[in-house]
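For reference, chains read A, B, C, D, E, F and G in written order, and residue numbers begin at 1 within each chain.
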Amino acid sequence: MAQRGAPVGLVESGKVPKPLSWLLNYSRKYSLWVYQWGLACCAIEMGAAFGSPRYDVMRLGVIPLPASARQADLVVVSGTVTDKMAPPIRRLWEQMPDPKYVISMGSCANCGGPYWDSYSVTKGIDQIIPVDVYVPGCPPRPEALLEGIVLLQQRIQHEDMADRWRGEPLVVGGGPIS
Amino acid sequence: MTITQHQQQAYIAGQAAEARLRFELETEGMTLNIGPQHPATHGTLRIVVRLDGEQVVWADPVCGYMHRGYEKLCEVRKYQQVTTLINRIDWLGHFANEVPFILAVEQLYDVEAPPRAQWIRTIFFEMARMANLGLFLGDMGVQLGAITPVFFAFRDREHVLNLMEAATGGRFHPNYDRVGGLKEDLPKGWVDECKEVMKRQREFCDEMEELLVGNEIFQTRTRGIGVIPQQIGLDYGLSGANIRASGVDWDLRRDRPTPLAWKEADWKVWTHPDGDSFARYWVRLQEVRESTKIVDQLLEGLPSGPVMAKMPARLRVPKGEAWVNTENPLGEMGYYVVSDGGPSGPFRCKIRSASFNNISIVPWLLRGVYVPDVITILASLYFILGDIDR
Amino acid sequence: MPEIPGQGLVKGLGVTLRTMMRPAVTVQYPHDKEAPPTRARGVIALLEENCTVCMLCARECPDWCIYIEGHNDKAPPRREGGKPRTINILDRFDIDYGLCMYCGICVDVCPFDALFWSPEYEYSEINIADLLHDKRRLGEWMDTVPEPPPLEAGAQGKLRKGPAEARAKSR
Amino acid sequence: MYLMQFLVLAAFLFCVGVYGVLVRKNAVLVLMSIELILNSVNINLVALGVYRGYDQAIVGQVFSLFVIAVAAAEVGIGLAIVLLIYRNRASIDLSEVDLMKG
Amino acid sequence: MLALSYPVETAIKMGAVLAVIPVGALILVYVFLFKMMSHMQSRLGPMEAGFHGTLQPVVEGVKFLQKEDLIPNGADRRIFALAPLVVIIATFLIYAVIPAGPDLVISNLDVGVFYALAVGSLSVLGVLMAGWASANKYSLLGSLRAAGQLIAYELPLVLAVVGVVIQAGTMSLSGIVEAQAEGEIFGFGGIGNPYILTQFIGFALFVVSSQAELTQAPFDMPIAESELVAGYMTEYSGFRFLFFFIGEFATAFALSAIAATLFLGGWYFPGLGTDGALANLAGPIVLMGKIMLMAFFIFWMRFTYPRLREDQLQTFAWKWLIPISLVNIAVTGVLKVAF
Amino acid sequence: MSGANVAFGVLAAVMAVSAIRVVTTKNVVHAALYLVLVLAGVAGIFILLAAEFLAIVQILVYIGAIVVLFLFGIMLTRAPIGRAPDLDNDQRAIGAVVAMFLFGVLGWILYDGFGDTQLQLRDVGRSGDVGASIFSTFVVPFEVISVLLLAALVGAVVIARRD
Amino acid sequence: MSDFLRSYLTVAILGGAAFLLVGGLLGLGRLIRPRRPQPQKYIPYESGVDPVGTGWSQSQIRYYVFALLFVLFDVEAVFIFPWAVRLEELALFGLVEMIVFIVILALGLVYAWRKGVLRWV
């Protein structure tokens, strides 16, 4: 994991003027392209949040257009992650270009939820990818997801870009996972 | 009905393409993974297709990406806990999953829920069907590239879910059934609201008919695509709308005696002779309409009374076994429950879910079709991942 | 009925145009909020006074996500001159909402009406540890618990106890 | 501008094309080299046309147009043949394709 | 018009066009992709960034500026990087000949329409490059499809224009606008002769094929999300993806502008005159109005229809559009010679 | 006319380099893309020679169609990314000598013949005049072209339809 | 004459300007965007699983036939345009010539149609 190149960027060197960093944060905040990543029941509530005109997540600037991880900024892990699915998830997350955000939606993604004692379910998505916001519920109402998104947006607005840019790769259990 | 000409051609083409692939070095086939994370598989199904150009030579569904070990989990849960767990098998038909299980346990225990409970169960069952198939009606559009229908589907589905939530407390996972009845009665004003919603659902069906079914593009995309001949469908164990679209007049709601209230209403089982993707869409559309009618009629005649039979405080299910299957939105779903008489939960619980059988036809059906049709066919087969993998 | 070619296409255009002309049904979430139905299972509230530390809820919970600790204590006798009573004092009552599957079993089984469903849903967290609500936080949810709605015509059976009734009982 | 410029450029393209035709083994690349040659011809046609006055310039252009049309047909057929060879031999290596030997 | 020296004039023009194209594309994105689509689905669309989400497209751009630029392993790096450039430059070049007023044109070429069509066809190259260089199956399949489609519909597009050229007797877009302004229909010249009236078939062909050329539903298989993920754009991230995205909408803008110019009379509005300051001032506004009208139709169809299958699409082009356009040419020719 | 000369110089340089790359590059797709550069250069040359219509035709037909055809052909015959080892036969030296010799001879002849002939560009070749010319002088070749295209089409269809 | 060249110079400048704009934006992005290599980031995207086989396939020859048809008809279109501009002068003779031309090519289309090349299955 040490192959990071010399910091070429302005941001990484921490020299971004205030107004500019405000603008950059603002635009990341309101332009979150979210990868259509449905896993289980929660995916349907996520679909409702994205697709139902009653909630219409596009209002918040969350655009559910991209079908490829390469264009996504945000991923909502919505539902049960099985051990078989975990490696693809890790990979898809890695394949998203930085800066990227993760919302863990529902008990399954948070902790394993109803399947806490199942032999085939990963107990918590944060074991494999770093999570920015946890939305509780089983499934969370679409509004709850919207609330999570608003929370994430507040977080983005106030985050330190250099930190996010430099963000250390996730370390699980003491060593980097691949 | 024999195999249609289209199927025959597709089959032959598939054979030919595969032969070419094997024996002629020059044509290098392409293996394409559709899924596990692909918009077309609504979830985490992975389909490995081998292509020759754009034609599918062989398709293999790889499931298990959503396997959560239900049957094993059921053995370590109490009956009440199982009810809430199995909501999550077919997450779109939430309530419908509970019913066969509860019926099986009631059969073991030899109680019967009071009529009001049965009627309400039926109403919710049909509402689950609407919520489930309604989404399909829109989703099929998305798979074919029309983005608007799915928004309509979500819009009108919300009303159904609201009703669900008002009565049960859960939009999705109601956990409303109890052995011997229901958790609580409906809240005031629910029935009137429900009638409103049924009207809206019918409007939604009309809208879909105008937007999609009548659309020439939709028809060219779906007619004659993915034809399932009757016999082959039966051989693969298809159920639900998939087999009704191939002209088999078979509906467990009508054909299997249950304590539920379907027999009280006047409704019709729709079939379609074609067996193609269009037929499957059309049948489901009619089924949603039919469901609204069932609900309307049941609401009219809702008997009064308690919703819970007299039950002891501690549930101790006698030794025995029971098998109950019902006509779930996706097809036949059944539970085979074995009790050893112990105080905790079932000793064994075998789950027959519809989608697993429904997708078993995929390798047969996809052979020789074009990549875009793969999507049409998968969408029209309509499966829920949780229902496949459990 | 003779079909004009392209009829379906035109009709489809009509549907979208009509929808466009109608006002949108959107509820603008952070600004306006729809109240969920009273029965909605949003979050569990704890009426601490009623809890007797009987542990039933924790035992029945399919996820084992309720953590209860308590100890015995002597309380002054109820009547003047009686024997001092042994009461259970609740030290810890946590529900892990990261794990809870919102089944409602705990609320159902609680024999002392100490748990209630509140339809609140806004408690996303940045840190997963904060999803473990302790008894203070669970108690705060009590303010949001609505009274149960009346039942539909033709229903028999008693209404669940609402928070007001339960509070009254605890006095 | 000198006429020379154009003619020499065309000659250069022509020679590069010839080199390609001689040296390339891959049939598609040979076809590309032929395109180079045809283009050099076109430049010549137009340049010489211009040199000979407006009317002849137009004539030169018309001729180039014809050349382009012929080139299109030639590429089409040429590539079709290449594909055929490829399909039958899994190779478009011209040194392996010796039709005369059967 | 003021007599400006060439460098100054060119600089002004460049500034104008470089501003107009992205802004035009962003307007399309906002008005149609965000707002119109949302309302057709009885939603609101972006509301939070700026008043009613007006800043949304800008925010998107700045966001993409901050995204990492990934080039997958195994890709042909140079071509991968160049492909979006080809697409977007091809798009920019189309604008060179679109007149926004009697004098407001970058470069009034004599072969105007022909030039625009030729340059527009260059984007096929970019698409093929992108698909090939990504070393990804979805991309490759997507790009082959895209290229197959683009070239299939390039033809009806080109042929649909011929009718107009016959009528106007010139290929210069400015000339075509003037011909429409001065033309008359059966002796009635009040509104000029917008060729949509006399060339309705050509117009219909043009709209349908530009729909396909823009890879919009019902002809959007190349980027068919539910099949090929994002087609040839699958591997593109960050700003390079934005170039494709902007390119798509900028092309939509350009094709709408060409359609408006060819068939709706371009910048001409009855009563505003065909030269002079008034026409020059009002021209861009009139043209913009007509462009929006055209774009509305294009996007309206996009949001309503499902997509055709690849072979159906090809069949449609070759069996319907091209024969019809050939007949259209012949008929127009006959009428032109006869009258 | 110095501007035109500068333009010519730039175009010629680009074309020369690209042309050489077309015949030397190790990657077929790259060769096709270099070919695009050459063809675009030719279009530029046509413009310098006032053959406006022809330049656009060059773009439309050559770049927009023929190169696409090439790319299709390449992708249909498998075009791996990276260098393909053997695209050339072993006659590279001979080829180079022949080409150089040819260029020398041609150059010499041209220099001899047109050493310092100036080009006089008076009028722009209008597309209409091209049309007029076709339909006055070159009607027969024009129709022959159509037959040729037809033949090509039929031939390609026959070839492509093996079965 | 020089007006003519100048108008094309403008076009060339436009292309250059577009190039500069695009390049400039990319350069700007380079300054602020992050770069965080992760082990699986650069694997080709394939729905989250290991890519199988190579990214190459021999695609169907049909694409080629369509491309070829396109080229030939494109050439036809090229001839139509100069004709269309001067149709008034060319009058009947030109019209007849062109219709003959179109018909001959249309014959090709009909041939391809009849031979089933325009179908996929």
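Quick note on the criterion: contacts are C-beta pairs under 8 Å (C-beta built on N, C-alpha and C of every residue); 3 or more make two chains touch, one makes a residue touch a chain.
Since the structure is predicted, the reported quantities are computational estimates derived from the model, not experimental observations.
J.: Hey, which pair has more contacts between C-betas, E-F or E-G?
T.: Most contacts of the two pairs: E-G.
J.: Based on CA centres, what chain would you say lies at the far end from chain C?
T.: D
J.: Any idea how many Å lie between the Cα centroids of chain D and chain F?
T.: Distance between chain centres, rounded to whole Å: 6 Å.
J.: Nearest whole angstrom, what separates the Cα centre of chain D from the Cα centre of chain E?
T.: 33
J.: Calculate how many whole Å lie between the centre of chain F and the centre of chain G, each centre taken as the average of the chain's C-alpha atoms.
T.: Roughly 17 Å, centre to centre.
J.: Could you give the separation in Å between the centres of chain B and chain G, each centre being the mean of its C-alpha atoms?
T.: A distance of 45 Å separates the two centres.
J.: Please list all residues of chain C that touch 2 or more other chains.
T.: 9, 12, 15-16, 19, 24-26, 28, 36, 40, 62, 101-102
J.: Among the residues of chain F, which ones contact at least 2 other chains?
T.: 4, 48, 50, 52-53, 57, 60-61, 64-66, 68-69, 72-73, 75-79, 121-124, 127, 130, 134, 145, 149, 152-153, 156, 160
J.: Enumerate the residues of chain B that touch no fewer than two other chains.
T.: 26-28, 30, 32, 36-39, 54, 84-85, 148, 151-152, 155, 171, 173, 211-212, 215, 217-218, 370
J.: What does chain A use to touch chain B in their complex?
T.: Going through chain A, the ones touching chain B are 36-41, 43-45, 47-48, 51-54, 67, 80, 82, 84-85, 88-89, 92, 114-115, 117-121, 138-139, 141.
J.: Within their complex, state which residues of chain G touch chain D.
T.: Contacts found on chain G: 61, 64, 68, 71-72, 74-75, 78-79.
J.: Within the complex, which stretch of chain F touches chain E?
T.: Spelled out, the residues of chain F in touch with chain E are 27, 29-30, 33, 36, 52-53, 56-57, 59-60, 63-65, 67-68, 71-72, 75, 79, 81-82, 124, 126-127.
J.: What does chain C use to touch chain B in their complex?
T.: 5-9, 11-12, 14-16, 19, 25, 36-41, 60, 62, 101-105, 108, 117, 149-157, 160
J.: Mind pulling up the chain D residues that touch chain G in the complex?
T.: 65, 68-69, 72-73, 75-76, 79-80, 83, 87
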